[in-house]
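Order of writing sets the chain letters: A, B, C and D. Residues in each chain are counted from 1.
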Amino acid sequence: MYEIRTDLALEAREKYEKGNVEIKGVKLEKTQVSDDIRITSMVIETENGARTMGRPKGNYITIEAMSMDDEDEAYHRMISKHLAHIIRSLSPGGKRLSALVVGLGNREVTSDSLGPKVADQLFITRHMMREFGDDVFGKHQNRVSAIVPGVMAQTGMESSEIVRGILAETKPDLVIAVDALAARSTKRLNRTIQITDTGIHPGSGVGNHRHPLTEEELGIPVLAIGIPTVVDAATIVNDTMTGLLEAMAAHMPYQGMDASYRTLDEVERYDLVRELLTPQLNTLYVTAKDIDASVNRLSVTVADAINLALQEL
Amino acid sequence: MYEIRTDLALEAREKYEKGNVEIKGVKLEKTQVSDDIRITSMVIETENGARTMGRPKGNYITIEAMSMDDEDEAYHRMISKHLAHIIRSLSPGGKRLSALVVGLGNREVTSDSLGPKVADQLFITRHMMREFGDDVFGKHQNRVSAIVPGVMAQTGMESSEIVRGILAETKPDLVIAVDALAARSTKRLNRTIQITDTGIHPGSGVGNHRHPLTEEELGIPVLAIGIPTVVDAATIVNDTMTGLLEAMAAHMPYQGMDASYRTLDEVERYDLVRELLTPQLNTLYVTAKDIDASVNRLSVTVADAINLALQEL
Amino acid sequence: MYEIRTDLALEAREKYEKGNVEIKGVKLEKTQVSDDIRITSMVIETENGARTMGRPKGNYITIEAMSMDDEDEAYHRMISKHLAHIIRSLSPGGKRLSALVVGLGNREVTSDSLGPKVADQLFITRHMMREFGDDVFGKHQNRVSAIVPGVMAQTGMESSEIVRGILAETKPDLVIAVDALAARSTKRLNRTIQITDTGIHPGSGVGNHRHPLTEEELGIPVLAIGIPTVVDAATIVNDTMTGLLEAMAAHMPYQGMDASYRTLDEVERYDLVRELLTPQLNTLYVTAKDIDASVNRLSVTVADAINLALQEL
Amino acid sequence: MYEIRTDLALEAREKYEKGNVEIKGVKLEKTQVSDDIRITSMVIETENGARTMGRPKGNYITIEAMSMDDEDEAYHRMISKHLAHIIRSLSPGGKRLSALVVGLGNREVTSDSLGPKVADQLFITRHMMREFGDDVFGKHQNRVSAIVPGVMAQTGMESSEIVRGILAETKPDLVIAVDALAARSTKRLNRTIQITDTGIHPGSGVGNHRHPLTEEELGIPVLAIGIPTVVDAATIVNDTMTGLLEAMAAHMPYQGMDASYRTLDEVERYDLVRELLTPQLNTLYVTAKDIDASVNRLSVTVADAINLALQEL
């Protein structure tokens, strides 16, 4: 079966939502924090829930903000504050932390450059605190280091190899990985932030990591912050196609489409679509025309949030 | 009617090719210069031909090279030589030229950065030849200047305004405009070069210029060199959709689709598809995952060609 | 005579300041706006004053802010406000303006990239106001366009040629040129902003423009905003050398330096130094090790100021 | 005593060369490979030699090519070949290697960007050879990976921490570190390449590393390839000052400088100079005005050499 790809847990949840059914082992809580901003907290609590959702147990918090793709500094500052609170709530507490921020993705591809651009704008403190003492920036500043590991075509190495090596050497308490994601719906592009304590998994991100960056693998907590900047080309074709088939079923009964077709289920439709998809489609993605401005703005929003969160964690 | 967009004259020609019909006023000549490289010369000779093709009278030469998206320096050097010959054949002859190369597009968006990256790699001579004499680089070097006008969101100005102003001030004999194009077929991405003496027209290029850069407008010959790096999102949806409708018509007769549907013509199908397309789709484009490497390689190929052509024009 | 180069009128003034002499035709007014920030307003009022100062009649306003090279957002925002007020005070008033900001310098050389980086961060409005009406951003927003003309090695053209052409085409009311400057004193690097209504003159800026960008040349007012990011290599050698000669004259009388040497005047000392300077020195400049962080910060400060000034000019 | 800084072993050797004295434990061999290109091979063989030279035992090979700062592709290709041979001669032989290239320095500061720019242009093979087998690029291609570790202000980590971590994880056989260097003489800027098997030492490079990247520290051979792109500001002041003092001693005897001054030795002169140097000078460096073009050209030359060397090592 053709698996529609999305890196957003919220979108994975949506296919079960039509009947508003509850999913066993998955808790969902939505908070409308303003007219335009909704924060959804999803907890996958059981292995059963994990199987249903197709992703590991843990917290998935999503900020949906429909104006996030617009240029409005005050609005972005508000988003940064919400995001900072979420980062803190998912971080280990009780002591001064040493955090390594990993800016995943390819700096040279605009839609994949969110992670590197966030890393560029962080308040980096580890080297100064090591040299001049932990209080050089006050009592509430954590140690912050950052790495932009690049992509395999540039380094010949998996991001996970580079990060694992650096962790062994510098021993931080927390990894915060930032990455551009793939959404299922074009409406979410540049308008949704997902924060999860389950880390980064193979096949996620625009650049499609092959190895996980998770607490299980790395031995320390891994927060992942992601924003969808692309949709797989196959996905939008699928979506429109499904719409077409539904439209035909609904509006063209007089054209004699009989019952057997109308009941083509989703799986069969996908198979049909898949057959039609050219192989090229798998190496293509869909992104917005003004992606440069969007990524620049969003990188400020995320960097501000991380800076804020790590000042007083 | 929903107009499928392509910046390639060759693709515009293709919809008439099925029956291999000749189009009045349009001459077509294909040369297989090697196993893998084909050069097609199309001349739109009459106003009639121009109307049929939806583009102005003039020469449209296309290099199709299926391995052009691979990393092979010798191959790219060969393409550069073919391209250099075509540039010369379409340029005014008989005297030393002064050429302004215009690198159109947005440097910050990878798929739109071909023009600026080509401009970065040119052998710029005008300032030296003005200061030290026309022969400072030998008898066969033309005067070369270059401008990267940027996009409206960066400058507040049309590229055409900037170029027109510079032309009035520096009075070159020839404009060579380089731009990333939109193709109709994903198979052409990064594998086709179009050179035309008809300049740049509204709606062409990834960034969608609104005003023409043509000899008519600028008063001097304008060569346009373009490579398709994106496909409009609407186009790939359309294409797959058309495939789906055809497949359904062909393989599901037993499902009772009656004749009226099977005979839905292209226009009606487009209308159907268009209805289903979300408005977002118009601001989205499809591009390849490794577009950074492709654009880097192709910018070398085009810059080498221009450098070569202008050394001995 | 070896002319010590500085782009700062304030430094040119300083050589006459020792005796606190007044210079005829040059008015000077210093305002200490805070402990750490001083604004000096110099008006060269007469041709005589212009000759003495070696620069044209007009206003030269200098913000000296000793912490300007540090990372302190609130401080930089304060500087931006002062700068915005000065920009307004030197701009034509009484109507909505159309301003072209020119980001001079070479984006590829960190110490020369101030102008391009400022241009990247402007609120560009001209294209929107032309399309959607002058009030699309409210009653108080001026039309803003921007150009990064690049340097001769990249374009083969003088910045002035490009700007003149664009002015003829787009007809703004005001040019604001931003450029990195050369100072005489290393203490001023990244700590001083000069705003003048006399424009840009040959030999000023890091990249050494050959042609003026002045109201006289361009036909509309030209504000120039500059920050010194480099010192000519010859200058620091000169300065230390002068210190050495003075130290020797003062502290080594017992070594028998006779009166004739001690009275070597400045001109003779320069001649001596000049003889010793290798020719390479003329193509070298001195800059700070962390120039990347400085230019990034300062470009935000200047861009904020221009955005602010042009919102309510 | 004020220590004149140079990263070039050749320049450190030069202060002993006036009398053409031999230095015990240091072997020197000069080869004029063409009119314009000289290769000097220096071997520091003993601890004594190491103490005299102020750098560790090992091989230091220097290519001096006076036209290396010019634009001449054929010339640069020749330099690349010489460099490739030297890289091979200093690399472990006898088996297919896995090499990690480390692009040291700050991508954002033009004069310090050599390492990162070289890394950008390498033929990266490790990931492909791991996935598709060691022979996917033929029998003679080594495994190549690369990392651009960034600088402490960006990462909060020493380059050495990042590299050590990656080595532990990916276990290559060889490190090739590329870095921009500081020379003593402005004449060497962009015209000299040093290759050594002694690695990178604290205080070397433009960015001044604090921790070594050496075989002793890392456990595998470390080749360091460097090109001087800057001179410390203190150095050029010192040099001209020394010239001045000598000139005065020589040409102004009639001015009564007595013997005691003329015999001021180098150490005393440095002390005098040092007193006069402003503290700012220590954070300043001198570089060429067209450093962007130089670094771009040189990065191609070095990357070509590494690619060549690792194809058939």
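Quick note on the criterion: a contact is a pair of C-beta atoms (placed from the backbone, for glycine too) under 8 Å apart; a residue touches a chain by one contact, two chains touch by 3 or more.
Everything numeric in this text was worked out from a predicted model, so none of it was measured.
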Interface composition of copies chain B and chain C: same or different, split at half: same
Centre distance in Å when chain A and chain D are each reduced to the mean of their C-alpha atoms: 42
Distance between the centres, which are taken as Cα means, of chain D and chain C, whole angstrom: 35
Where chain A touches two or more other chains at once, by residue number: 153
Arrangement of touching chains [line / ring / star / complete / other]: ring
Interchain pairs in contact, sorted by label: A-B, A-D, B-C, C-D
Interfacial residue positions of chain D with respect to chain A in the complex: 119-120, 124-128, 143-148, 150, 152-158, 161-162, 164-170
Interfacial residue positions of chain C with respect to chain D in the complex: 106, 108-111, 153, 186-187, 189, 206-207, 231, 233, 236-237, 240-241, 243-244, 247, 252, 255-258, 260-261, 272-273, 275-278, 280-281, 283-293
